[in-house]
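We call the chains A, B and C, going by the order they appear; numbering starts again at 1 in every chain.
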Amino acid sequence: MDRLISKLLFFAACSSTAILALIALFIFKEGVPIMIKSGLGHFIFGTVWQPLEGRFGIFPFIVGSIWVTIGALVLGVPFGVACAVFLAEFAPRSWVNFLKPAIELLAGIPSVVYGFMGVVWLAPLIRNYLGGPGLSILAASCVLAIMILPTIVGVSIDAIQAVPKTYKEGSLALGATQWQSTWRIILPAAKSGILAGVILGMGRAVGETMAVIMIAGNATQIPHSILDSVRTLTANIAMEMGFAVGEHRQALFATGVVLFFFIMILNSIALRFAKKKF
Amino acid sequence: MRIPPNITQNIARSLLFLATAAAVGILIFVIGFVLAGGLRHVSWSFLTGPIIDMGRSGGIFPAIIGTGLMILVAIGIAAPLGVASAIYLAEYTSVGRLTNAIRFGINCLSAVPSIIFGLFGFLLFVVMLGFGWSILSGGLSLAAMILPTIILTSEEALRSVPLQYRNVAASLGASRWQVVTKAVLPYAMPGILTGVILSIGRSMGETAVVIFTAGSAVQMPRSVFDSARTMAVHFYILAREGLSSDMAYATAAVLICAILVINISAYAMMHRLMRGRRTA
Amino acid sequence: MTTPLNRKIEIKDLSVRFGDAEALRGVTLDIAANEILSIIGPANSGKSTLLMAINRMIGRVPNVSVTGIIKLGGRDVNDFRDVEELRRKIGMVYAMPIPLPMSIRDNILFGPRLVKRLGKTASDELVEQTLRAAYLWDEVKDRLSTSAVKLSGGQQQRLCIARTLAVGPEVIMFDEPCSGLDPISTAKVEEAMKELKANHTLILVTNNTKQAARVGDRTAFLLMGKLIEVDRTERIFTAPRDKKTEEYVTGKFG
């Protein structure tokens, strides 16, 4: 009896890995042939996406994903780490009980709602004050920065709290202020944990779809400024899946393969950092 | 000239406070913006009426039912599977190569973006298994997406139960499985439920997964093999195709309210759990 | 050394290693039925490990290797097909009282309910009988359904004894049961132990040499995983054969 239960639990535990393997298998099987057919170099570095003429170059989308993600990190990381430091080191306990769930709730707001806000509020603002079409890298970066905030804050707080108390007490005992101890002792010690949070946030930004479709503008050319409209890898898949057939559909799955690689690389790096101890 | 340390400290503290206040301010702004635009269009007939003219008028009742059914399918599959995985990881195994592989798989799965789950669900459930665009396909794809969350939160909940409870139960003659069911699970339950509730919230707001696996039919679904749209998909279509701004706002308001209720109840449960732990 | 006639537990050449660390080295020891054997020794001398080996709780620890033979009533403990059956025969009371977060009554019925359904009257009888044996009945009889967590430390420890008794063990092992208790509670627990001797075999691991002297029929002295000496308690405390035993019981180290 106990033996049987233990076997069943083991199979349940393997299910996640099995699903992951299935996902990789299906996406690769559907996407890899077209990558080989059009040539891996042409597929990844080609700049022309004209699926109806059989020209599949996804370089603009890779660039788009990278730009939007970098923008989100530039805005979101300082913001998120600041929140984490405040919550972990400076805020009174009773505030934390309210503030931390509130920030986590930012991740609970559906991405379509963020996208909608971007369209009706943020994009016009950018168009009127900074120029360009409004639906742009900048708009997408702003929204993504908010969406990845909870990830960065959560992981950073854990990293800060994992620093042994004695480090800080030692520093305070030498006459350092709370801020000096935080800046010179705690943040350096928590560095790799915070970095893990940043990379996880990066993964979320690269993978986000619906909000980006709504606010990045989806133009298929390589952008020249942050006010230009771009299309990301995820947006490319989601926009055209509805009507794509044949090679066109395969090319969308191939886009998924590239996205999958991006995410897995980022995740492996994040795990590496998360394991490191001071 | 050097700035005195206590002044630096005050400046730093103010900036950090401002950042946190800004984050909370954004949250309040987003929620307020949607509710202000939408609540006045929400009525009883909106909640219980059919979707008319692609959503230009009528209500969202089919979308509410579609959302509910899809979440039921997703939780019905992912919760037992996830809790079982967590029990295996927390109670039945320690470090080892195989366990590390399992953990690595769970970690990677949690990082897979939702659009990939959409593609996968489309290929496996919609096309290969022949479920078509349906609530079943959508629910199964959502289950795959929320599985890692449920495993990770459940495992944490199990590990927070004191080790001595296990020793006492074992010393009184409990088998391994009895130790789990009698001395560990009852005390981990609130934590596990918190994870499940948060997963419900996440499923409710998800769009990319369900739009490719459940389709976007506006009719009332009659079984899990029917196509249906969730509230999030309905909102996306209304907003993107500019069908009706009022209806879009109203749908978003209902969606946000539901998600607020879900998240707040999850936090309330966790809070109660923490307080219980401190007095025990 | 007097060999007890009725041997309840026989331990032969028992060695235990946790990874590279040796916790017990070739311990050979017999425990008679209806005696209280005290086991004394400084911290990390292997006392708790010995108890864990007897009820095979040691099997829950990863990377452990156990060699030697332990017999309960003439039967090798490894021959019990279900380790649960062995553990129902050998009760265990831990250093810190660990009431499960449920009512007093449910705590006591936790063990019996694992194997069979109990009627109301049978349950009531069992609860009263075990609580009386643990000298706790009079203090809690009016509030059996309140949470066990609300009891005082001493009461909790006696509840843990009652809970162990409810499973019907032949042997009860106490792992420093009074280390967290005040003198009055300690006296009550010791009283209960002396009563239990009539129907059970008791093993008492203690850091407190005076407690060993008060309660034990015989006393064993462990040092760094080795059994230095075992004898009638009076002898250990008045005329031990080994010099190290004398130094320990007179408080020169430990």
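By definition in this document, a contact is a pair of C-beta atoms (placed from the backbone, for glycine too) under 8 Å apart; a residue touches a chain by one contact, two chains touch by 3 or more.
Just so we're clear, the structure is a prediction, and the values are computed from it rather than from any experiment.
Trainee: If each chain is a dot and touching chains are joined, what shape do you get: line, ring, star, complete or other?
Mentor: Shape = line; chains linked end to end, path left open.
Trainee: From the centre of chain C, which chain's CA centre is farthest?
Mentor: A
Trainee: Which one of the chains is closest to the middle, using the mean of its C-alpha atoms?
Mentor: B
Trainee: What's the distance between the Cα centroids of chain B and chain C, rounded to whole Å?
Mentor: 48
Trainee: What whole-number Å value describes the gap between the mean CA coordinates of chain A and chain B?
Mentor: 18
Trainee: Quick check: how many Å separate the C-alpha centres of chain A and chain C?
Mentor: 56
Trainee: In chain A, which residues are in touch with two or more of the other chains?
Mentor: Expected reply: no residues.
Trainee: Where in chain B do residues touch at least two different other chains?
Mentor: Only 175 qualify.
Trainee: Over in the complex, which chain C residues touch chain B? Could you list them?
Mentor: 55, 57, 60, 62, 82, 84-85, 87-88, 91-92, 94, 96, 98, 100-101, 110-111, 114-115, 149, 160, 163-164, 167
Trainee: Under the stated contact criterion, what part of chain A meets chain B in this complex?
Mentor: Within the complex, chain A touches chain B at residues 1-2, 5-6, 8-10, 12-23, 26-27, 30, 78-79, 82-83, 85-87, 90-91, 97, 99, 101-106, 108-117, 119, 121, 146, 149, 153, 176-180, 183, 200, 203-204, 206-210, 214, 234, 237-238, 241, 252-253, 256, 259-260, 263-264, 266-267, 270-271.
Trainee: Across the complex, what residues on chain B touch chain C?
Mentor: Within the complex, chain B contacts chain C at residues 94-95, 162, 164-165, 167-175, 178, 182-183, 187, 279-280.
Trainee: Write out the stretch or stretches of chain B touching chain A in their complex.
Mentor: So the residues of chain B touching chain A come out as 5-6, 8-9, 12-13, 15-17, 19-20, 22-24, 26-27, 30-31, 33-34, 80-81, 84-85, 87-89, 92-93, 101-102, 104-109, 111-120, 122-124, 144, 147-148, 151, 175-177, 198, 201-202, 204-208, 211-212, 232, 235-236, 239-240, 248, 252, 255-256, 259-260, 262-263, 267, 271.
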